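A quick write-up on the structure given underneath.
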Amino acid sequence: MCRWLAYTGDPIYLDTLITQPDHSLVQQSLNSKLNYNNAGQLLSTNGDGFGIGWYDHRPEPGVFKDDIPAWHDKNLANLCHHIRAHTFMAHVRATTTGDIQRTNCHPFSYKNWLFQHNGQISHFPRLRRELQLSIAPELFPAIHGNTDSETFFLLALTYGLMENPKRALQRMVEEVLKILEREDKDGVLNLSFAISDGLKLYTLRFSHNEAPMTQFYSTDPSCMEEFENDEIPPIPNGCTVVVSEPLDHTDSKWQKIENNCFTTIKQNQVTTETFL
Amino acid sequence: MCRWLAYTGDPIYLDTLITQPDHSLVQQSLNSKLNYNNAGQLLSTNGDGFGIGWYDHRPEPGVFKDDIPAWHDKNLANLCHHIRAHTFMAHVRATTTGDIQRTNCHPFSYKNWLFQHNGQISHFPRLRRELQLSIAPELFPAIHGNTDSETFFLLALTYGLMENPKRALQRMVEEVLKILEREDKDGVLNLSFAISDGLKLYTLRFSHNEAPMTQFYSTDPSCMEEFENDEIPPIPNGCTVVVSEPLDHTDSKWQKIENNCFTTIKQNQVTTETFL
Amino acid sequence: MCRWLAYTGDPIYLDTLITQPDHSLVQQSLNSKLNYNNAGQLLSTNGDGFGIGWYDHRPEPGVFKDDIPAWHDKNLANLCHHIRAHTFMAHVRATTTGDIQRTNCHPFSYKNWLFQHNGQISHFPRLRRELQLSIAPELFPAIHGNTDSETFFLLALTYGLMENPKRALQRMVEEVLKILEREDKDGVLNLSFAISDGLKLYTLRFSHNEAPMTQFYSTDPSCMEEFENDEIPPIPNGCTVVVSEPLDHTDSKWQKIENNCFTTIKQNQVTTETFL
Amino acid sequence: MCRWLAYTGDPIYLDTLITQPDHSLVQQSLNSKLNYNNAGQLLSTNGDGFGIGWYDHRPEPGVFKDDIPAWHDKNLANLCHHIRAHTFMAHVRATTTGDIQRTNCHPFSYKNWLFQHNGQISHFPRLRRELQLSIAPELFPAIHGNTDSETFFLLALTYGLMENPKRALQRMVEEVLKILEREDKDGVLNLSFAISDGLKLYTLRFSHNEAPMTQFYSTDPSCMEEFENDEIPPIPNGCTVVVSEPLDHTDSKWQKIENNCFTTIKQNQVTTETFL
């Protein structure tokens, strides 16, 4: 399983969240001590690539990806120390399907949209053809890699992500479930998305036939305080941070996003709706 | 455009042809002085990855690929110095379509088959969806990259490459031309394939709406002599070498393969048939 | 031989010079048609890695490097499209000595300083030990790669680059020549440096026993016009661009920097002094 | 800390030990569940590169390295499935010092010698200059990376590794301890080497001021049986396998090599001598 975080609010340097905290996403990618799932199983190392996507003064996002572990990458540390953004996301990958290559790293981008995912679908190699046939033909050239995640993103675009994100994701999930169930009644679909158009940040938490992936958010500027070392500047007021994994020691500052929820975030306004 | 070579005969170390000669494939990948096409235009550098595939004592071939230039790669030099094979191929890539990633590097393999290509099809990004729909569903999971070449290989497998190579390639080319011509009457299809099952070596030279890519072969053990330096061992009797690019100074030892030809090679027996 | 450019002036997006012009540094790295040296010899492809370094709001520069060709790198294109800097440099590498690895890519950085180089010293593998013994012991841990260029940078730092750049480079060159001449009276030292502390841009052009590498600068905001395509924004007034290679069609807008010159640049004020 | 294995005996395919067993070196590199040290601490993931070195029909060894994790590398799996060797070693890296680059990956080679290491020396960045000054000047050009391990190998060569391995390692360790103790009386030196000239396999286990790294060997052809799955062929009689990490469930088939021991192995003849 992968891990991700997302931020929206006043511009901050990316290293504030991605590389500097003692329990930063990059630290999590290596240090498997904390990587237990709900069932108490030790999860695998997130060493199969990483990526960041951010919005600054350009309408379309910047994206930087590599197919190597994040933990010792000097480019990542350096870029996160120099890039400021009002909205950004970051992802570390542990592959369940798909080769180790940059085109399989998150976030994926299309025009002004960014998308990242943690989760899985059963039998993806067998289902891939039918899922990709449902992608709009004009979006088919945008398939660069061979992951379920990129397929989900292009399906969501096909169903109108840029016009109505929630509705598009609903139609996408319904279509994917239909294809999955034809293959296997007990097949798993487990989705934890972070999506942005540069204006708002959206997340989806949805699962079918499996315990859902986690999502937590905080609008508390002190939410990273316990992980801070001297070098981390404070997080500004009026922002929201969303993470895919529990940060156990700071429960009171972090809100759990319930399963089957679609969330819309603007600054520190977090609106959660039932998804399906 | 890419470049490739292929060998079949008594086992030799791969460096005999791939890395050691003064005008080896690896030297060609860097040294653009000789990279002129038929029209006298200087061709681009082949720095977008490389690959080797070989047959030794295992039925399925060994494959080694990387998405970096071949010219300074110590792994490639070292492996070619240690690997002996009775049949092998090597490829250096200059991308016309598809990302720079290992899954886009040649040769492609499937079971005991190897396949490499130099050439192009017009409008591949637009045609890719329809071409890939023609791939047998059970072969769809074998799509790892996003090149026309891998698509051609999986189409050939779909049409029976493993049973009747020539017939399968004919059906594949007919199908591809049909799809191409619906998109663009003047669209180009230009194919130079090397294919092997470990028993025989096959090549195809075919072009439509463009001057064909070149193919030359030699069964002369002294065919590399002019490029030899002291370290290259002689090539054994009873072998065949095929190359995608002209080696101008040794014309008399090299035979041009005509356009629209399918060639079957076993040791130094070279049988050429009209293709379509 | 490598190629580089450097810019100082009002902040611009890096792609204005590095990736967008028709004859950009990245285009030059691949397209060997224009890579002739003074003697009319076709130069090798600059495919052995690249790097950019830039100054924004942080005192220390940002640096991004990779050991793959620049020409198809999406990270480089994306970052140059999003990063704005008042002073920056970029480098494409064709190795003469040193492995293909990120730690051998330019620019090199130390605290608030950046350094990049095009050139060579004869017999570097044999001279390296003695040259590196002259590096201040406290700077020895800063040796990450195995190039002459990094060694020159650390020697310059040893001799006081941060206090008096010209004097430090003079002492460095004198020391290097002494070591070189003990090995080979006819040995070549050929240096073309771009250096910055984030406040000024410095260049050195110096050669010994060989025709010097070239350097050209322009303070003309229209200097890139002939290479512009529609997407390139104009360069602001009051800036200076320095390049390592001749741009033949725009001679009148570009000034040649003479050999044996140390140049100091602040905005569009260019001061050239005899070096030794 | 790194991990390694070494084999000598009748030729076997490398995947027999490196990639196929359920508890193979490559599995260990990822699956941190078993990576506890003597103190019960979970050790870090070995994702910072890997390498294999082997002896076949050439006097000098083949070497293949990459600076990415071993666990999903198709090249490694493919090469280990096709390469047969009578003597080989393999290494997965978790860096304590030195950049992530191929020149820092083990095994290191020089002429017909291979060398790999697990361990550390305190304060290596500060000690590196003095240690490397002790390398014979004619071997200085062989420094390609920036690890303590490569430095130890070149020091061993300096002190006569090719003539008398044990004596050379003794002199090397004495020299290194002298340099270390001038810097820090409590400094740690912890060495676990595997070395070969293609005729014999040597190991060193030595520690100073720290609990030693482990070494285990087996001459029992069934030593891998408990880790075997159906695809693993049996190990031949008359061979020796050495590993750097405990394989707890098979204690009776594995012998612990004591600390401060130099071991010489030829087929299944294992001779252990007190080192210092």
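Think of it as A, B, C and D in the order they're written, each chain with its own count starting at 1.
Quick note on the criterion: a contact is a pair of C-beta atoms (placed from the backbone, for glycine too) under 8 Å apart; a residue touches a chain by one contact, two chains touch by 3 or more.
Model, not experiment: these values are computed from the prediction.
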item	value
Copy pair subunit B, subunit C: interface residue numbering same or different (half cut)	same
Cα-centroid distance, subunit A relative to subunit C, in whole angstrom	38
Residues of subunit D touching at least two other chains	99, 102
Overall pattern in which the protein chains touch one another (line/ring/star/complete/other)	complete
Of all residues in subunit A, those that touch subunit D in their complex	30-33, 42, 44-45, 47-48, 67-69, 71-73, 95, 99-100
Subunit A-facing residues of subunit C, complex	54, 56-58, 62-66, 74-75, 78-79, 81-84, 102
Contacting residues of subunit B [partner subunit A, same complex]	99, 101-103, 125-126, 128-129, 133, 137, 140-141, 143-146
